[in-house]
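Each of the two complexes below includes chain A, the first together with chain B, the second together with chain C.
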Partner chain A sequence: MRSTPRAEAKGTREGRPRRGLPLLFARARKGEGPAALGFLSLGLLLIALFVIYPSVRTLWLSLFDKEGFAGVSNFIDLFRDREIVDFGRFLSREPPWGALLHNLVWTVIHLPLTVGLGLVLAVVFSKVKSWWVGLARGAIYLGIVTPLIVGGVIIRFLFEKHAGLVPQVLGALGAGAPWSAGWTAYPETALLALVIGSVWLWTGFSMVLHSAGLSTIDRELYEAAQIDGASEWAQFRHITLPLLRPVTLVVAAMTFLWELKIFDIVYVATMGGPGGASNVLALEMYFSAFRELDPYRASAIATLITLFSLPVGYWFARRRLGR
Partner chain B sequence: MHIKNPWAKLIAIVVALVWVIPFIGIVMSALRPSQEVLYGWWRPPFHFSFKNLVGAWTHPTASLSIGLRNSVQVAIGATLLPTFVASLMAYGLGRLRFRGRGPLLMLIGLLLALPQQMIAWPLFREMHALGLLNSLTGLILAHSAWGLPWMVFFLRGYIETLPVELEEAARIDGAGRLKTFIYVIFPLMLPALASVMVLQFTWVWNDFFMALILIFDPNKMVITQQIPLLRGQYHVDWGLLSAGTLIAMSVPLLVFVFLQRYFVRGLIGGAVK
Partner chain C sequence: MRSWWRVLGVLAVMGALSLGAWAAKLVVIGPWSGDEAKPFEAVLAAFTDKTGIEVEYRVMRSEDLGKVLPAQFSAGMAPGDVIFTAWGWWVKKFADHMVDLGPQVADVPFGFLTPIVVEGRTVGIPYAVWVKPGFWYRKSFFDAHDLRAPSSWEDFLALLARIEAVPGIEKAAASGDEVGWPLSDTVEHFILAYGGVNMFLGLTEGTIKWTSPAVRAVFADHIIPYLQYASEPIEWTSAKDLWWQGKYGIYFMGNWLTGMVEDPADLGVFALPGAKAVTGGTDYIFVPKYTKNVADAAKLVEFLMSKEGQEIRAAGGGKLAIRTDISPEAYPPAERALIQALQGFVIVPDMDDTIGGEWQAAFWDQLKLLWVKPDALDDVLRVLDEKYPKG
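On to the complex of A and B.
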């Protein structure tokens, strides 16, 4: 029943069944091409020059090497490259595992933690009124506006041997090296330090969006559930969670894209070290292009990151365009 | 809905502490003499010192006074230019009907997910060819083009929520498309423009990668580029580095404190809907 007016509204907006629209609008339609060109040209020029052309060029370069056309051999080389994937070491659990696997491990830990934590905190904070909530919210928000380069410095500072809080506290609790030493200096702990730090920085994003989603849920639903004697858990499980699902999906998608292109934190905190143990794809691409001056391999890595991003981007764009 | 739940309050306290303490650490080590924080910023005695802030501000190779000035110029330029361009584009895509509109929207939507690495190398070469390497103008252009897709998406979404009747009234009165846009749509868009500007300003300010590949001259560097330079070659001077991060953070922090409403609205509008 509820879908009828919605479908109608959508129909008029897309302009396909034109019956409801005034004649004027329909007549103007014919000549709108030139007007559109006027409105769009400046922006399209900028995007074409500085976004589209470089992307297409990168894609093109990824298919070449010094000798000429190379097909997909750059990509095949990437998967044989220990800097990118090192399954042997991954199975023996001794980092470095290669940039791609580091990104993957990062995602596997970071994605559920930030999305889940943001959701839980949004719900919990909507239930209590206390100045602690204000403080917690404010501090978590801070993570979103913090430049990631600053975030990386703070992470390094937290896990530093003498000056850092985390190793000192763990040492006092009786933990041995590397836990009580500088996390970023040991291959076993460097990546983990960065991942934990990035959870600290990114949870705010998830919390803000989930909070916004919560505020759109009809209060009457909860009142009705309470009258029926539903427990708080049951309310969360059967009202909050399903109604927040669209928001959670968006948060997860954007978090995934964020993890794929992670760069600043690693650059400033560890430079991918020690010995490549915290290297990631974006950093490897930078090294390849601007240190080793190998645009072909760099382009292949960049294209690889894009190939991982595009399906999510496509889903996201379709969703936002209402198709 | 406000249930007295002791667990909820406990969670709030723990979370508040965990999230605040790292920031307190940075502030403490920035405002205390360097030798005092060598073995931890939480250890007494506590003395106040401006030395680190002054040191970072007047650093011989990475003076933050220069970086701050450059960052301000880049962030303002790379906010105003694309905001203007994006509002035109958003109107064109939101209201006008023309062939290829759907595919164009999809293309712009896909660009939202593009990683910066995909444009890095050719952009570097292109800027070199245009003589715009090592120039704030080049960086502003790159940031503007890069920010356009999401700004257009956000503003287009907003325009489509505005009632068409107002424009129709203006058009019956004989106003052309451009006039309708300037006098009817643009004023109505102001709240959305505020959100877009606050978000873009913060993103440009916080960006590191784009600046890293386009700027090398120490006198042209933006502030985020200078932070890694403050670290020093052989040992990390945490006092100096903390002071630097504090200065670099101050601007987005001010924006956030005073313009939080627009910031959050932009973030939500960009993702949820």
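On to the complex of A and C.
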């Protein structure tokens, strides 16, 4: 139910507006709250069972080791572990730089590329009326409906020495190894191959959301700008970009969360290798849990991933609660 | 209205029948699929013919089982009645959740691989054996280019150089990749050939360091020079196809390769000159405590390990029988030739499958790095020491 100014005014005390949960409790006094809680109870129960309990249990486990209570020592150990962070090698030598820094590099390259490309493609496709637009839109959208396991296999073959398009084209252009060899086999290129491949897998998401956002912009704004003699670029900069900002922020936040928990394509395409050169936090968590059989370290990594995603989650929650 | 009752009646009968069939069916989980699974499926069919017990075979690799089973065991459940895994270390770790199969194999004459016994309970039974005898080549390719299996290290290097000079050859040796195990098999073979069985066993048991000068010398003097002639890691079935098509001259692989090529009669194999031992391994059978068909599962295990069951498996090729009383005549020609070639060799358990855990994954991954960055040797050896299980 959308709250009207009048409804919000009713839910105020001493003139301060009430939103989100306070508003819900305000309505409870009106008799609407119990019904709402009734509808929510099944969902809340499921969330409590399958989200909150496992999260709390994971956090609890992360404070232990085989000997017993360990406090935050698991977290300190993680930051001392070269497999998580290796500042000694970072940018001065080829990867591995540690799973956390690989996630960071992934974000720095992937986030602007997918958000930017999605925005540009959405704008271009809304302007161009041609037979190939639907085809191109479909090809880009294919990435988002492709299961990530399959995406990993595609990336592996796309960058494979014999079957891969990318090394073959670069080889024909005269590039040497590792660019003309199997990208996933070399530490210099393995992470880059995954990041580039994942741009295709995720750009469709950005494009679709931006396209939806574009359709909500009033056409009269563009007509008025054209009458005033504004160029295409000026229209994009002063109308499209600001009005799409809320959508762009949501896409950026969702993309950041996706990058933090990336696992499937790394597992399939490189298994984090060679020599840990494309390892990421989620894969390291998997290795700890299912190869090392160490639930404590795995829980500490899971908690770390959650901590990194909390600011974005908090921002989302504030947006949903209208603050 | 009557027709509705009929429909309901038919559905009830079908439901009861399917429930009955489901209840009586044994679920067997193994890692083999496609052509590799056919010889095993023949054994299962023979078991059904003999006992009337239906068996459903499902494919799951050790890696996948490793993810699913711990949670299922904790919940007192299991996805199958009889399960195969290549990870002996994993069976030891979860032995509490497995049925004692000692009585089923009491009379089995085992060879170099014996059952896994934990606190007096026999929980893992080695099934069919695979060995990694060395480098495979096509006899037709060697004949066409007047090439011979090497008799010394210098011969081996000369052979690699001659293969690489053949027009159309990309690299002398194909290197298989998956998660890295084909590379670990190759390295283990080099260690056995140029470090010896004691070094191999010492590394497996953790009594010898990877960074020790003797181990480093095996890498520096033999593996690194070999890598100049080896391809970068290529997905192992693709590598097999490319090698068979003539892009590469030799290919290090286990004996299951005989079941994966068009003409097994064209296959030749040689161990590295000087090698007196090769690695071998198996898939271990276990029965989870939580199966409702323990008696039938035990019957199946007994049949799989019987002389009859092992002979049917041997006839399918691709693996060797675990029983020492199976005659060479039970095998197809390629396996018979392999058994002949292995005369005089000691077979030792595969190193990374024995150690397992995080170290195994690190071993595979570090070797993938070494294959493309030989100058990272010291880093690779250091990581292998760091990752070795403590305690």
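In the analysis below, the second predicted complex is superposed on the first by the 277 of 323 C-alpha atoms of A that agree within 3 Å, B and C clash if a C-alpha of one lies under 4 Å from a C-alpha of the other, contacts with A are read in each partner's own complex, and residues count from 1 in each chain.
Operating definition for what follows: a residue touches a chain if its C-beta (ideal position, glycine included) is under 8 Å from a C-beta of that chain, and two chains touch if they have at least 3 such contacts.
This one's a predicted model, so the numbers in the text were calculated from it and none came from an experiment.
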Just from the overlay, do chain B and chain C fit on chain A, or is there a clash?
clash
Just chain B (first), just chain C (second), both, or neither: which does A:Glu160 touch?
both
With both complexes superposed on chain A, which partner does A:Gln168 reach: first (chain B), second (chain C), both or neither?
first
Please indicate which partner A:Pro274 is in contact with in the superposed arrangement: first for chain B, second for chain C, both, or neither.
second
Looking at chain A, which partner touches more of its residues: chain C or chain B?
B
Would you check which partner chain A:Gly143 touches, where first means chain B only, second means chain C only, and both and neither mean what they say?
first
First (chain B), second (chain C), both or neither: which does A:Phe290 touch?
both
Looking at the overlay, what does A:Tyr53 touch: chain B (first), chain C (second), both, or neither?
first
Under the contact definition given at the top, report the residues of chain A touching chain B in one complex and chain C in the other.
156, 160, 162-163, 290
In their shared complex, chain A is touched by residues of chain B numbered 1-3, 5, 8-9, 11-13, 15-16, 18-23, 25-26, 29, 37-42, 82, 85-86, 88-89, 91-93, 96-99, 101, 104-106, 108-124, 126, 141-142, 144-146, 148-149, 152-153, 157, 160, 164, 168, 171-172, 177-178, 181, 202, 205-209, 212-213, 224, 227-228, 231, 236, 238, 241-242, 245, 248-249, 252-253, 255-256, 260, 263-264, 267-268, 271-273
So in the complex, the part of chain A that touches chain C is made up of which residues?
156, 160-163, 178, 181-182, 185-187, 271-277, 287-288, 290-293
Of all residues in chain C, which touch chain A in the complex?
66-67, 70, 93, 177, 179-180, 232-235, 238, 242, 357-358, 360-361, 364-366, 368-373, 376, 379-380, 383
Quick one: which bits of chain A touch chain B in the complex? Just the residue numbers, please.
13, 15, 22, 24-25, 28-29, 32-33, 35-36, 38-40, 42-44, 46-47, 49-51, 53-55, 57-58, 61, 121, 124-130, 132-133, 135-136, 139-150, 153-154, 156-158, 160, 162-165, 168, 200, 205, 208-209, 212-213, 219, 222, 232, 246-247, 250-251, 254, 257, 260-261, 263-264, 267-268, 281-282, 285-286, 289-290, 295, 298-299, 301-303, 305-306, 309-310, 312-314, 316-318, 320-321
